[in-house]
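Structures for review follow.
You will see chain A twice below: alongside chain B first, and alongside chain C after that.
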Partner chain A sequence: MELLELLNFYVIPGIVLGSIYALGAVGITLIFAILRYAHLAHGDLATLGAFIALAVVTALGVSPLVALPVAIIATAAVAVGIDKVFYEHLRERPKIVTVMASLGIALMVRSVVQVVWGVDTQTYTRGIVRPEDYFGLRIRDRELYTVAAMLLLVGGLQLFLTRSKWGKAMRAMSDNPNLALLSGIDNKKVVMLTWIIAGGLCAASGFFLGLNTELKSMMGWHMLLPMFAAAILGGVGRVEGAVLGGLIVGIAEELSVLVIPSEYKAAMAFAILLFMLLVRPTGLLKGKVL
Partner chain B sequence: MSPLLSMENLTGGYGDADILLNVDLHVDQDEIVVIVGPNGAGKSTAMKSVFGLLTIRGGKMLFDGDDITGWAPNRIVQRGICYVPQVDNIFREMSIHENLEMGGFLKKGDLTAAYDRVYELFPDLKERRKTMAGSLSGGQRQMVAMGRALMLDPKLLLLDEPTAGLSPKYMEQIFQICRDVRDTGVAILLVEQHAKQALAFADRGYVLAAGKNRHEGTGAELLADREVAEMFLGG
Partner chain C sequence: MEFLGLVNYALFMAIFIGIYALLALGLNIQWGFAGLFNAGIAGFFAVGAYTSAIISTPPADGRFGGFDLHFVLGWIGAMLAAALVAWPIGKICLRFRSDYLAIASIGIAEIIRLVIKSEPVLTNGARGISNIPRPAGDIGYMESQVAYLIIVLAVLIAAYVLVERQFNAPWGRMMRAIRDNEDAAKAMGKDVEFRRLEAFIFGAALMGLGGALFAHFNRAITPEAIDPMVATFLVWIMLILGGSGNNRGAILGAAVVWIIWSVSEIATDRLPHEYAVQAKYIRLFLIGLMLQLVLRFRPEGLLPEPLRGDQRTAKTGADQN
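After this line comes the complex of A and B, so read on.
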């Protein structure tokens, strides 16, 4: 097989898929690091974000990219709301209670999507988009947008975490919660910030999955395992690790088609997750051990 | 002059069990006070009680004219008491400078003066301000921990076994830093495992045993006391 063929049919789609996973995995890793539990509603929150964008597109007739910021803000608000109404009351209980609750939230969010938007497959735009040719590499505009948006959003987040007072407070809370409280850092505000960021990134993840494929009520749920695999692969609590993990899982899934039937593509994420937990549970970039 | 901090007849503990029984203790302005005693005597507990980290069932705590009994830790921090726990007292994955920044989190406005003050006390830290705190040696970590606590210009600094696990060289250095800190007008209350060395360096000391006051006096007095020497200092 030619190199260009390999790049065009496997690596480029892998990078695009990986960027989508990365957006979700960053949120998962932040929630893991600061709130210390696995958030199982993450995928369905992404579905919700994707459908909110669809609602904006159909109602206002704007381009999907214009709808993205609206979806990000709305989903962030929903995430904060879910935390206030449900998770906040479970904070003093063992973490497994919240993990189970988040599974319930996942089902609730999915049901809301199905009631409001139905169970049929939908798309943001109709018609076939032809890829552009860049020196033999065939790339669609939407694929460029996906990767660029991921880099922009995660880069912005990194700047926030390393430069701003509240971003540092989030890192402090993840690093040493007791000392953060002794230093007078407001835990509630940090938790809220975490949900705003995780919810917003979730929406972006679902949106770009919808933009590159289609919108289905189960789309986010199917992304949950790869997103967790990405977060753990990169090292829990490591934002840059989640991006790296997302890209590796995405590319591995696409490349796996070369050796195993494509129906089993999703098993790649599971295999990577198992392998990492066995061999190096701290992840590639040495995250927290859970 | 009334003392900066006074604990009067304090009884309390974690949950239902009382660990401190009628403890009296005070710290004056500009002095270093050390609490020593055998393991399980309630030394660290006495210190944590100041910081509102345990349930107080009797007695009261006065600080700088206010009754602070039962206050929440963040309110106590703002009132001017900062606490350095014995373990996990730094943000490992943050730089030295960021550790200090977090220490000054509650401070409104410019932190420049506070940074300068801390870096003046700990010149070693200034050189390495971008270094991750987790990669430092034990003694340097303790300096970061103390620096973090000093960022809010406290009137009283609480140190829980600051020299635990340090080499004698570092122990001496930490004690010297405590004196320097005191000389800038910050009183220090510390708990120490190394009783002899601590009593020799502190202005005053308390010997606590089984949650009760047993002895108090200047460091020299306590060191000279035969009973204290036999009971707690290993002869």
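After this line comes the complex of A and C, so read on.
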């Protein structure tokens, strides 16, 4: 097979899919590291974000990209609300109880989507988009937007985490919660910030999945496994690791079609997850193991 | 006629409660005894159902097996197969906190779903496997329903007695010690990983058996027979509502939740068509909300785990992890 063909049909879609996973995996890795539990409703929150954007697009008739900020803000608010109503009072209990609660939240969020928007497949825009040709590489505009938005959002987040006071507080909570609390960091604010960031990124992830493929009520749930695989592959708690992990999982899923039947594409993420847990549970960039 | 219909419905419901109670008992070994989070119950259920179907159906063209063996062998095979699937997952994930097992068990359920859909040689694809022999199935309809209910209850009672014996036996006490304070149990020389693996595998085997009972009851198994997420979630809410760590609680929870679930189905089926679809998802929302409410207001469930010795000290001990 030619190199260009390999790039066009497998690597570029892989990078796009990987960017989508990366957006979700960053949120998962932050929640895992700061709040210390696996958040199983993450995928369905992404679905909600995608459908909120769809509501804005159909109601106002604007371009999907304009709807994205609205979806990000709305989903962040929903995430904070879910935390306040359902997770906050479980904080003193063993963390695994919150994991269980989040499985219930996943079901609830999904059924809200199914009741409000139905179960049929939908899209943001109609018609077929032809890819542009860049020196033989065939790339669609929306694919460029996806990767660019991912880099922008994660770059901004990384700046926030390393430069700002609250970003440092979040990192301190992740590194050593007891020490962070002793030095006077407001746990409630850190938790809220974490949910704002995770919820917003979730919406972006769901939105771009919807933009590049189509919107389905189960789309987020099927992203959950790849997103967790990406977070663990990169190292729990490492934002840049989650991006790296997301890209690897995305590309691996697309390339897997060359060796295994395409029905088993979704199994790739699971294989990566088990392999990392077996060989190097700290991930590529030395994250933490809970 | 009306009366017979009601009796038939009650029988049907009782059989399903028995099957779900088996799943809840299996989950109780994993979660109630050992604190392991299994979100892939439907996967083990499906493995059990298909294994038993392959072992006990008459030979068929175009797919593996049909070994035409006795159904008891099918049920034993179902338990072994589910245990065999659970083993590598447990082996890899149980070294870490239960969050990792939660993710991996979602993954394994997903993989099992993929295999069932895309390996027609094994599972006959979307058409599923039919002609599964039903024990005492060749007598009259009502009699065979009653007979099957008796068989399900016998299996359930046997499982209950075995699991309940373990609750107060050294093994059960050790498992709860590991669940409540892993470090202390380790310091006492318990092999924590191996014991957790035991609990995970025993639980998975019971779930496989539940799947086999389901397949033989329906005489057929198809990929669409159960919705994986809904089934998994129903078993969780059964155990949590009934009382995790309490075997009677698991069975009670199965009965309560299944009655609510199927009665609400009758109610929503009577709605006009345009609302019926939405009502189905509202039911799912409410069952999710039910879990949140139980976790918040009655985390110990209807029948709390029996604590031995001084209740007060034992309780604070359990809360401290």
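Brief remarks follow.
Simple rule for what comes next: the second predicted complex is superposed on the first by the 290 of 290 C-alpha atoms of A that agree within 3 Å, B and C clash if a C-alpha of one lies under 4 Å from a C-alpha of the other, contacts with A are read in each partner's own complex, and residues count from 1 in each chain.
Rule of thumb we're sticking to: a contact is a pair of C-beta atoms (placed from the backbone, for glycine too) under 8 Å apart; a residue touches a chain by one contact, two chains touch by 3 or more.
For clarity, every value in this text was computed on a predicted model and none was experimentally measured.
When the shared chain is aligned, chain B comes close enough to touch A:Ile185, but chain C does not. Once the two complexes are overlaid on the shared chain, A:Ala149 sits clear of chain B and of chain C alike. By the touch criterion defined above, A:Val56 reaches neither chain B nor chain C.
After overlaying the two complexes on the shared chain, residue contacts for A:Leu68 are found with neither chain B nor chain C.
By the touch criterion stated above, A:His89 is placed in contact with chain C alone, chain B being left untouched. More residues of chain A are touched by C (comparison of chain B with chain C).
Contacts of A:Leu225 after superposition: chain C is touched, whereas chain B is not reached.
Of the two partner chains placed by superposition, only chain C is touched by A:Ala266; chain B is not. Put simply, chain A touches chain C in their complex at residues 32, 37-38, 40, 86, 89-90, 93-97, 99-101, 103-108, 110-112, 114-115, 118-119, 221, 224-225, 228, 232, 261, 263-264, 266-267, 269-270, 273-274, 277-278, 281, 289-290.
Across the interface of their complex, chain B is touched by residues 165, 168-169, 171-172, 175-176, 178-185 of chain A.
On the side of chain C, the complex with chain A involves touching residues 35, 37, 39, 89, 92-93, 95-100, 102-104, 106-108, 110-111, 114, 117-118, 229, 233, 236-237, 240, 277-278, 281-282, 284-285, 287-289, 291-292, 295-296, 299, 321. Chain B contributes residues 51, 73-74, 77-78, 83, 85, 88-94, 98, 101-103, 105-106, 148, 152 to its touches with chain A in the complex.
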